[in-house]
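Across the two complexes that follow, subunit A remains constant while its partner is subunit B and subsequently subunit C.
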Partner chain A sequence: MRPFNHINATTLNQASDALKKSGAVAAAGGGDLFPALKDNIFPEYPKTVINIKSIPDLDYIKVDGDTLRIGALATLADIARSPLVQANAPILAQAAGRASSPSLRETTTIGGNVCQLPRCWYFRKLNNRFNCARKGGERCFALTGDNRYHSIFGGTVFETAPGVKRTCVAVNQGDLAPVLMVLIAKFVTTERVIGNMDFFGVGVLNSTVLNCGEILTEIQIPLSEYAQRSRYKRFTFRKSIDYPVLNLAIAVNKDKSQYHICIGGVAPVPYIAGNAEALLKGREITPELAEQAGIAAAEGAKPYEANAYKVQLIKTLVKRELLAL
Partner chain B sequence: MGNNQVGITLKSASEQAAATIAAMPVRPKTIRCPICQQLCLTYADLAEHYASEHPDSVAPTAVTLNVNGINCNLIFEPHLTLKQVLQYHLGLIGAKEMCDRGACGSCTVIMDGKPALSCNILASECEGKIIETVEGIAVIPKWKPLIDEYCKWDAMQCGYCTPGFLVAAKALLDRNPNPTEYEINDALSGNICICGTQPRHSQAILEAVKLMAEGSDI
Partner chain C sequence: MADLTGANGQRENFRVVGKPNIPGLTSYAMATGIAKFGSDFNVPGMLFAKMLRSPYSHSRVLSIDTAAALAIPGVVDVVLWNDPIFKEIGSGPLSGKKSSYLPNEAHCEGAEVGAVVIAESEGLCDEALQALIVEWEQLPFIVDLKKGLDPDFPTIRGPEWDESDTYGPTSVTSEGHTWMATHYPEDPRKVGNVSWTTKIEGDLEAGWAEADFILEYDVNLHDVVSLLPNPQASVAWWTDNMYKPGKTLRIEGAVGRRGMIANMYKVPDDNVIQEGLFQGGKYCDWGLRMAQEITPLLSKRVGGRPVRCCNTREENFDMCVNERHAHIKLGVTKDGLITAVEDNSLLDHGAPNSSEMTVYDRDWNGYYSLKCENIVQKYTVVDSNRGFMHTCGQFVPYSWDMVTVGIAVLAEKLNKDPTDLARLNIHGPDSQKDTRPVPSFEACLEEGKRLMNWNWHKAGTKRLPDGRLHGASFRYQMCPRHAFMKYFCKLEYRGGVVHFPTQGPIAGWFGTECFTMIAAEELGLNFEDICVDYDYRAEHTDEAGGSDGVTGHGWIVKECANLLKKKILESAVKEAQIEVMRFGPMEMPKPPSPLKGYTADELDIMDGKVFVKADPSVFVPFSQATSETISADYGGNSPKSAWATTFGRRFDTMNTSWCEVAVDDETGEVEILKYMVVADPGKVIRRTSLESQIDQVVFFSQGCQLLEEYIMDPETGVKLNGNMVDYRKPTTLDVPVVDKEILELRSGDGAYGASGIAHNLANSHLIITAIHNATGVWVDPPATPDRMLKALGKC
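Up next, the complex of A and B:
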């Protein structure tokens, strides 16, 4: 890594003010940031790294009334081990316990996991070799290059500068993102409360809708019946130390009137399979219905030349997990 | 090769580790400016020197690290990772740098009782944390069976990843003194051995658990 200034922030205000200055980045567990700094993937090397892990009392996991509240600095290992999470949101504990590797889970945080940058290999190429749209450049190299791990539901168009629109087809490969989507989590930041549908976004060096200087402080999960009947499945090539090629979270309420299906790794933001949810609404799962739901979940997919396999993965995994629900 | 000897060296692992820990500098011998090599008497002088002579550069920080039970006052630049500080400033070469991206586990140390990847942690964030490296494990007689069984069951080939495995195994046994083979494989799944010794690690650890249980009975 190149030299940078380092600040151990002690309050959220201090960290937020420091982040608003140019060239400042926040580091919590460092699982995403430090490899990126070592690979030098950013167009401009950060001048200041602000350690937000030194802010006290942000790593709690507690139940408050009918809400499970998890501080943004709670580590993935703590979440996976917590009896509160295991009882109230089992798929969250399961997803947190499968992310990255055992040693890395002890230091990386839930806030960092949901805010992580995409794993697109053009974006992550050493020394900023591809100045792609996601870094404020001109084009998305995956559209014409090797896109086997990229979106099958099209790219997201966003503004890199006022009036300049670009597209990016890198996917959100976070382990916890689909789980938090189906559990209808709320994201509390230093400025506002964001609903699950609005939190994930696509921007220049950003995977969320957080503004400059805005810090995620808490994730609230309502203790609903959805949490009790749910499944999480990740498809990876390796068992450990691997990002999911595709991950899937399914939750259903008690009278089966509403299903929630969210698929990660297929679109720039976690993909809500609305067609499959509409098809399943109020119905009992049968093998035929599960198969139809799988086909409905993959409806509208426009794979690029190398990632058509993801369509088959969606069909199969949705069917399998619905039958196992 | 006797059971208590590691590799081709003639000293036992615990003796080597004890010598390395004894050689750890508790405070820097001389404080020099890394840019112009000017000698400073105290850290405050160095900070002053930076402010006046090199205002655009990042001044080193003064941090006290508790490594293997010894408090070490160190002065280093804030972008150094814990792995680099352990190697360059304390001479502890047990934690190895392989991928340097947090993907291989060779640099595992124990921080506050939990396994942590030292290549992915800034040393300047470690003030007040209790850090234990593979050297600190090797000097404790309780863990001698673990090292002996690693040698006996040949759970290493080139040996580069072995310290990481050993630290991860110690962290597991601290938490769970009687693990099953599945739990061992799960706990070591963050470590990669390119030589392909993975199956032997669980065997060595299971045998070590047996020996350690016998030892505690006596």
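Up next, the complex of A and C:
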């Protein structure tokens, strides 16, 4: 790791101002940033790391009226073992408790988890070996390379510079993202409140819609009936450490008038399985319906040869989790 | 050949050898972090070094502008490939280098090339490397072997890698078998990137004629990494030593004996100090990495200041076992007897100077376990830029699975239990013509069947209550023991205590503990009675090579211990005759010894006493047996090893492995329900070592078959997953505890009838075969869900 300046921020304003300066990056738990620095994956090596974990009182977990509020600096381990989360958003506790590895869960935060950069091996290769579109480069190497873990629902076109559009097929593999989507979470930042459908995005060195210097401060989850009837499934090749190849969150309201299904690891942002939701609306789950919903969830997929298995996984896992709901 | 001829070869009762839970002498140090590995050494005034590594799979450094790097405060030096200093280093152990020590051509991505930077910190080294302005020439590369077969593809190895000298006469063992041949004189000469070589035994045409049908099948092996768990690192510096002429080199972290390093740096052994004991665990892999060799050179460059060089985890992902695609034809009678074997394999030659032994092995394979003597092995070998293969023995067990798969395919075709087909085809103890049963094989087979409740079914015909498909498989193999090396042992009785001086180094297999147990057994002592003196100057080394070396080396220790025992008893008898004690000019009467009047033959040692065999109540404490300091040295070869000289054409100790899996055919997930090893290592020396060797080798095998593979970008040849997240070594949650049943038929040819255990339990296809039994489809390893679903036609 190369030398850099280090600032322990004590206020959000201080951190935000510092982050607006060129060459500054934020670190909370550091689970995403420090390996990236060690591997030297960025086009420009950061000059300054702003430690935002030193900002007090941002690691709370509390219920406030009809909302579960989680500070962005709450660790995954704290979320997993929180009675409040277990009671009011059990699949969030499950997802947090299975992410990464036990030791990393003690340090990494919910804010860092939802803001993490893609795990694409072209993006992550040492010494910025592939200066890909997601880093502002010319192309997405996975489009023609080994894309077995990449999107089956196409790439996202985004601006790498004013007027310059490129595509990225790296997927969002965060553990918590699909869960927060089906629980209709809100994301509070230093500048605004962002709804679940609008938070995740694709940009240069960005997996969210956060602007430069904008800091995620809180996640709000409405205490709703969805949280009480929900499932989370994490599909990995290894039972520990792995990022999910595919993860799935399902929630349904009490009268089953509305199902929420979100799948991670299959698209550049968490994928809402709208066709399956529409199919299921207002209906009781039967084996036949679950199977149809699995097929509907995978509709529209345009996989590459190497990642066609994800279509089968969607069909199977959606079916199984609906039956287990 | 049973161990019956040496001292105590027929020992029936063991007090120490085989005893469970003998603690590792260095376990506390390793478990508590006291142990210092190469990367742990911090020396005052230490500098750091890092090598430039190629970002391309095949490249040449044309020039490097170092000005910007050298301008960074704290950067001490940048040494380029053409610096005369690299002429001062000789060949490293097991890594003979044909070109410059630091070349300007890289034959795989990540290879060290062109420059080394030296700076005050590792971070500054990184910064300096980034500041180098390197003019690269990208060269044609091969990471797809089939592309390498194209005769029009440019040649990727220069003339300095000409192999014409390897087409000469081949080595022949004392048993008359050729071995370690890369090429035979009759082989066609290499063209471009492709070599061909054929090993012919027996009469293939006669074998086809005897057969009722021909069975063809493919076995594909992918390349995997052994992954040394500790980062390869060394720190070295040069000092003046008032007691020795010339400079003294202090080096820590280099694998191997100090003599190897002394040889590289052309200094006397006595001028090398290597006190650090710990190398870190490894599974074979005898190649030093540049980070472990280069520091003395760099220290010299900076006037003797200590220099440390440490590989990163990612830099550790160099290749271990190479890719191979075998198409095999068997001639078979209607009863299932194999009459002919033709193996056509396409293999990866790896980057230049990879281990030829690893690539070209056609000796240690399952074919010689068959009664069939008509065997032709045709290899097509393609130069590649996939990676560098260090010398290691994992290829040995892998080759055996050509037969494991063949028997499974045959079982399916004939609807016969594969264990019966194995029994039909395996030859007898003494030769391929011998039709008698092999006792060790029979014992391992029967015990395995019993413990597995073995009830073979045809492929794809059994579902478990939870809906998953059930499959099971078995394989057999010979237990290994190499006897290539001369071993040496010295034991010393001093001040009433037996000392066992050894230089280590410690690489994870606890050989010293095994040797100590053997010495204690022979001397009638307990394990803790022997004082192990770790001393880098000692002649003895732990580097016997895993279990297969330990049992051979153990023979030497056994002989040495008996020599020492004889000398102690003779000295005790001599001293018992003395009636007067002298202290300077004074004399005083000595109390009469109870051993007075006996001969050495009439005495024995047991439980801390030297006693009269005819009347054990007459004794002196072992610590008072003699006031003399007595030493015994013994060196040489252990008895010939059937494994190392006949490659499976003779059998002594055997093993069987068994696997039961459940396959979810909707998700492609494979779960190993049970993995069992029934092994007859001949005689267990240290059970903890034996069991952990089995665990380690099975872990390796499970990882290779379920998860591990190198993935390279097809466009650039760059390795995409050389890290612990993406390469996916299994975690302990991914594989079950290995059930082990250990038999001791004592038919090995090491100490006490022991043989080795580790290597030959490694396999590439036991789990894959069980998956086939479950699903009816063959999947190439690793059987990850994506590959499984594809094989099952689900995507």
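Odds and ends about this structure:
Just so it is clear, the second predicted complex is superposed on the first by the 325 of 325 C-alpha atoms of A that agree within 3 Å, B and C clash if a C-alpha of one lies under 4 Å from a C-alpha of the other, contacts with A are read in each partner's own complex, and residues count from 1 in each chain.
In this text, contacts are C-beta pairs under 8 Å (C-beta built on N, C-alpha and C of every residue); 3 or more make two chains touch, one makes a residue touch a chain.
Just so we're clear, the structure is a prediction, and the values are computed from it rather than from any experiment.
Of the two partner chains placed around the shared chain by superposition, subunit B is the only one that A:H6 touches, whereas subunit C remains out of contact. Of the two partner chains, neither subunit B nor subunit C is touched by A:Y60. Look at A:N127: by the touch rule set out above, it reaches subunit C but stays clear of subunit B.
Using the contact criterion defined above for the overlaid structures, shared-chain residue A:G30 touches subunit B, although it does not reach subunit C. When the shared chain is aligned, subunit B and subunit C each come close enough to touch A:S240. In the superposed model, A:V49 lies in contact with subunit B only, and not with subunit C.
Taken together, the two structures place residues 1-3, 39, 239-241 of subunit A in contact with subunit B in one case and with subunit C in the other.
By the touch criterion given at the top, residues 57-58, 61, 77-81, 100-105, 108, 111, 114-117, 119-122, 124-125, 168, 186-192 of subunit B touch subunit A in their complex.
Interface residues of subunit A, counted against subunit B in their complex, comprise 1-6, 8, 27, 29-31, 34-35, 38-39, 49, 51, 53-54, 77, 100-104, 106-107, 239-241. Contact residues of subunit A toward subunit C in the complex are 1-3, 39-40, 45, 119, 121-122, 125-127, 129-130, 141, 144-146, 148, 235, 237-243, 245, 303, 306-309, 311-313, 316-317. Those residues of subunit C whose C-beta lies close enough to touch subunit A in the complex are 55, 121-124, 126-127, 130, 314, 666-668, 707, 711-715, 718, 720-721, 724-726, 728, 730-731, 733-734, 784-786, 789-790, 794-795.
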